[in-house]
Amino acid sequence: MTDLNTTIGSIELKNPILVASGTFGYGEECDEFSDVNQLGGIITKSITLHPREGNPPPRIVETASGMLNSIGLANIGVDRYISDMLPKYDELDTTVIMNIAGSSLTEYINVLEAVEAVPNSLAGYEINISCPNVGEGGMEFGVDCDLTSQLTSELRQRTDKLLVIKLSPNVTNIAAIAQSAEAAGADAVSAINTVVGMSINPATRKSNVYTKLCGLSGPAVKPVGVAAVYKISQSVSIPVIGIGGITKGEDVAEYLLAGASAVQVGTANFRDPAAGLQILTEFHDFCDKNNISDLTELIGRLQNDT
Amino acid sequence: MTDLNTTIGSIELKNPILVASGTFGYGEECDEFSDVNQLGGIITKSITLHPREGNPPPRIVETASGMLNSIGLANIGVDRYISDMLPKYDELDTTVIMNIAGSSLTEYINVLEAVEAVPNSLAGYEINISCPNVGEGGMEFGVDCDLTSQLTSELRQRTDKLLVIKLSPNVTNIAAIAQSAEAAGADAVSAINTVVGMSINPATRKSNVYTKLCGLSGPAVKPVGVAAVYKISQSVSIPVIGIGGITKGEDVAEYLLAGASAVQVGTANFRDPAAGLQILTEFHDFCDKNNISDLTELIGRLQNDT
Amino acid sequence: MRRIESGKVLSNHKLAKGMYRMDISLPEISSEVQGPGQFISLTVGEGWQMPLRRPMSIASIENDSISIIYKIFGKGTVWLKERTSGEVIEAIGPLGNKFSLDKINGKEIILVGGGVGVAPILYLHDQLSKDNQDHLLIVGAVTAAEQFLEHSPKTGIHLTTDDGSVGEKGTVMTMLEILADKVENPYIIACGPEPMLAAIYKFTTEKGIEGQFAVESYMACGTGLCQGCVIETTKNISKEHTYHQKYSLVCSDGPVYDINAIRI
Amino acid sequence: MRRIESGKVLSNHKLAKGMYRMDISLPEISSEVQGPGQFISLTVGEGWQMPLRRPMSIASIENDSISIIYKIFGKGTVWLKERTSGEVIEAIGPLGNKFSLDKINGKEIILVGGGVGVAPILYLHDQLSKDNQDHLLIVGAVTAAEQFLEHSPKTGIHLTTDDGSVGEKGTVMTMLEILADKVENPYIIACGPEPMLAAIYKFTTEKGIEGQFAVESYMACGTGLCQGCVIETTKNISKEHTYHQKYSLVCSDGPVYDINAIRI
């Protein structure tokens, strides 16, 4: 039996499979389908300072082996997150990580400070500096090393909890951004957020998604995610959490070999809200079949002699 | 009947469907399957100063609705291109554009000068500043505005033929690179080249492609290509040639609505060497059905009221 | 409770031009169904070529099986059409809410179905008929080939076709205006394409008639996870799953809404 | 000339454990086939989930149909297995070169097939048998369940299995070493998994025996367009399609090579 434990900063995950922000709500929407306590962890939907309605519909469209979305960070805002959600997380027996988004440095700080001010059982924060859907500037942090560095160190000063910076693939050099986050004190980075994409209905001549530019996810982008994790893990020594197109156990192994210490399942939850557990079972089988005793035997162990 | 004519710089194409560099060889490998003279044009495989063997195998792998490749610019070199290929193009009744790649400014210049020195029937050049497979630096041009600008103006000074700069999607701001190319005298830009990706075989723990990092193409990346074309065409006034995941007539319409004046078919040629003509037929049907009299009724005509 | 279930296709056949009916054995899901308006969502295609499930209204329930009535629209419904009896299909459901009959307060129900919007309307029609509750049914289509019911004004079933090839010539609006005028206190329950709902919306708003719509919207999950399926609301209807003022999740708070609660 | 052709599946059945045979009606392609070693390449799956065709050696030609023998390996071959008679499959071919018998110069031919490598070897075996040309055939597998021929040393057909459950116990190498010793002037023609070819390569190089291999390689196009399918060569074999010194295109210059022309 493989020991599936994995460590991100000071946090031990019972297994490397988490669910990705924005693809599993606040963690309670689908509890009749699976026991979230069996997951390595939950990353909750991006929270901003104020509640956000999100973008007008249409917000999603299917593409070849993928989907585009532009939800626009619809969320309940940090106050209701604190009052309605945090107490529920006390009851859970899995790692819960809060994802924070903002359109300015101050907004990120304010959200984090509000949560730090109350007792809670969160393991830490994932900072969404990479959401391509918000006009006001959420995107800017993710593409600039200096801003990433500044944001990371401001947040680092305000929390001892796990601090994960979530990176955008829509940059020339994702490894450099990861290095900035590491230097500024991040415990880990996660990658990738969605890839900028667009889809038009030729018959109506309209964009299939209201905001036109939106974010591509799903199996179509798995190679992009694996490449990002590989490049990042070659450049930093903090753990990397791999995201992008994971739908089966072997995909987890692929990300771990590329250098990830854990992974997040996103789009797959939409087809099957129990996808995370299904993937966990498959990954466990993979490990057993390959006589892997613990995950250090996989993480970053890509063979170099192709 | 729709008039399918479209103009790129001073060149009139009989229709907007070309075949993409590296996916149709030198234009003669598959002539038993289709009459290339019916295509809008052919972009020949990237040519470098010296012949290149290309990368060791494995060079390709399939992914969800896409493929990864790292051919490594295997090509016959400019001398044999001039002696063996150029004379054949005299016989063709379609637009032939030569794609040039290089690992230094000088190499691009030398290749272009060699071809300019001989009489030929090429319509012009597509400059591959975006191939992610060559270690020595082919990539650097495509991600940097200044280098793009310098390369473009050096080449512009040396030819009156069509000069198209082919852009990489692996950048933070593709529109800025396009603007640099435009300012430096490019007649058009084409986008996208392949998206950086990677794939690992979990059983063997090896990369599925020798160079590890390689380029993603096919339907999986169509949304990325459409987004790139949209962003670019909003920022420049030279024509844009759309590339990425085109497999059917409606895809052509989608790219045109996003702002492309023509398109290139790549990966689809591998499944069907006559894909270009098939797509042309479908696109023609689409135009007829939608009562489009000429392509200006499509190009950039995305409706803004979603 | 919602469930994921793999069910055998019991039958799959053409009803009318471009319209098909599939019966799927889904004992677990069907035992949870609360009523007309609810839907299931089906995995389509091999692998992940089509990552998103296709939502389909429940058209009837019999023993342990659920029927859907679907229209060939794109890749996913073409794939559905090609399934043969015995094949297994993966479904999630029951999803969404049902028509709420307790709001009707003795008014006279007019059901209106257009295109594939007939599915939930037929389910409701059957239920009302079983309960011996009087109601009128209008089903519209472009031409006779697309109709699969029998025009039978005596029993309250009114077909319309744009070309008059069966039933009344015209759209469902033609018929609805006539019938709404005839009955004392009409209450309209409708499902169908957006232009049809928009026309009914305009009509009912002008006449101050109440009613309910089952609407469609592009869905990634159907389960409240993705926030993708929103419809604009006219007032804060603050349903269980909706933390928005402006938008409501069609998959969880809908697909059934009071006509005046949403913007079409 | 190569052709693209849609052909009806005439039959598709299991030959042995994990091994299937499919006959496809392909009059145009089959009329162009030049001989054993050549292959066709099949579109698999719906839409573009699997963009690349699957190359399959021609195992026999009869009337207007082509047979392939395939092993369940991944998604594409699973899809092939599920095809039923009457369905249409899209093929391109004939692709590649054939075994060149004029190089044999009266030597004694030993054919070696391992796993699905039997397909082109069986085609060659049939051809040689028809031409009454003496030859030996060795077919290897892990266990009896994977063999579908009859062990018949008298007629020159030698099966081997790793566990000895049918034919000789051992790999094809065990048998090949014995037979190559017995015959005067052996000439080896082989197709099979890489480890098998590597072992034969070592053996023939040491013994100075000549022969030909049909090799496999990952292919995107099969038609010379992509430059993806290269194999390293030991000398500049400068075939028609190869402008490289170091690499050769398996799809166009191969898949058949002289053993000493390539690096395994």
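Labels A, B, C and D are assigned to the chains in the order they are written; within every chain, residues are numbered from 1.
Rule of thumb we're sticking to: a residue touches a chain if its C-beta (ideal position, glycine included) is under 8 Å from a C-beta of that chain, and two chains touch if they have at least 3 such contacts.
Bear in mind the structure is a predicted one, so any value in this text is a computation, not a measurement.
Asks: Identify the chains in contact with subunit B as well as subunit C, in label order.
Replies: A, D
Asks: Can you name the chain that lies farthest from subunit A, using the mean of each chain's Cα atoms as its centre?
Replies: Result for max centroid distance from subunit A is chain D.
Asks: Whole-Å distance, subunit C centre to subunit D centre, using C-alpha means?
Replies: 55
Asks: For subunit A and subunit B, let me know how many angstrom lie between their CA-based centres, rounded off.
Replies: About 33 Å separates the centre of subunit A from that of subunit B.
Asks: For subunit A versus subunit D, what separation do you get between their C-alpha means, in angstrom?
Replies: 46
Asks: With chain centres defined as C-alpha means, what is the inter-centre distance between subunit A and subunit C in Å?
Replies: So the centre of subunit A lies 36 Å away from the centre of subunit C.
Asks: Specify, in ascending order, the residues of subunit B that touch 2 or more different other chains.
Replies: Residues 56, 58, 64-66, 218-219 of subunit B touch two or more partner chains.
Asks: At least two partner chains per residue is the criterion; list those residues in subunit C.
Replies: 47-49
Asks: Classify the chain contact graph as line, ring, star, complete or other.
Replies: Graph shape, chains as nodes and touching pairs as edges: complete.
Asks: Which part of subunit B faces subunit A closely enough to touch in the complex?
Replies: It is residues 56, 58, 63-66, 68, 143, 170-173, 195-200, 202-207, 209-210, 212-213, 216, 218-224, 226-227, 230-231, 245, 250, 253-254, 257-258, 286, 290, 301-303, 305-306 of subunit B that touch subunit A.
Asks: Okay, in this complex, where on subunit D does subunit C touch?
Replies: Contact set of subunit D toward subunit C: 45-49, 75, 79.
Asks: State the interface residues of subunit B toward subunit C in the complex, per the touch definition above.
Replies: Interface residues on the subunit B side: 64-65.
Asks: Can you name the residues of subunit B that touch subunit D in the complex?
Replies: Its residues touching subunit D are 22-25, 29-30, 32-33, 45, 51, 53-54, 56-62, 64-67, 69, 71, 74, 76, 80, 218-219, 247, 267, 269-274.
Asks: State the interface residues of subunit D toward subunit B in the complex, per the touch definition above.
Replies: Residues 1-4, 43, 47-53, 92, 217-221, 223-232, 241, 243-247.
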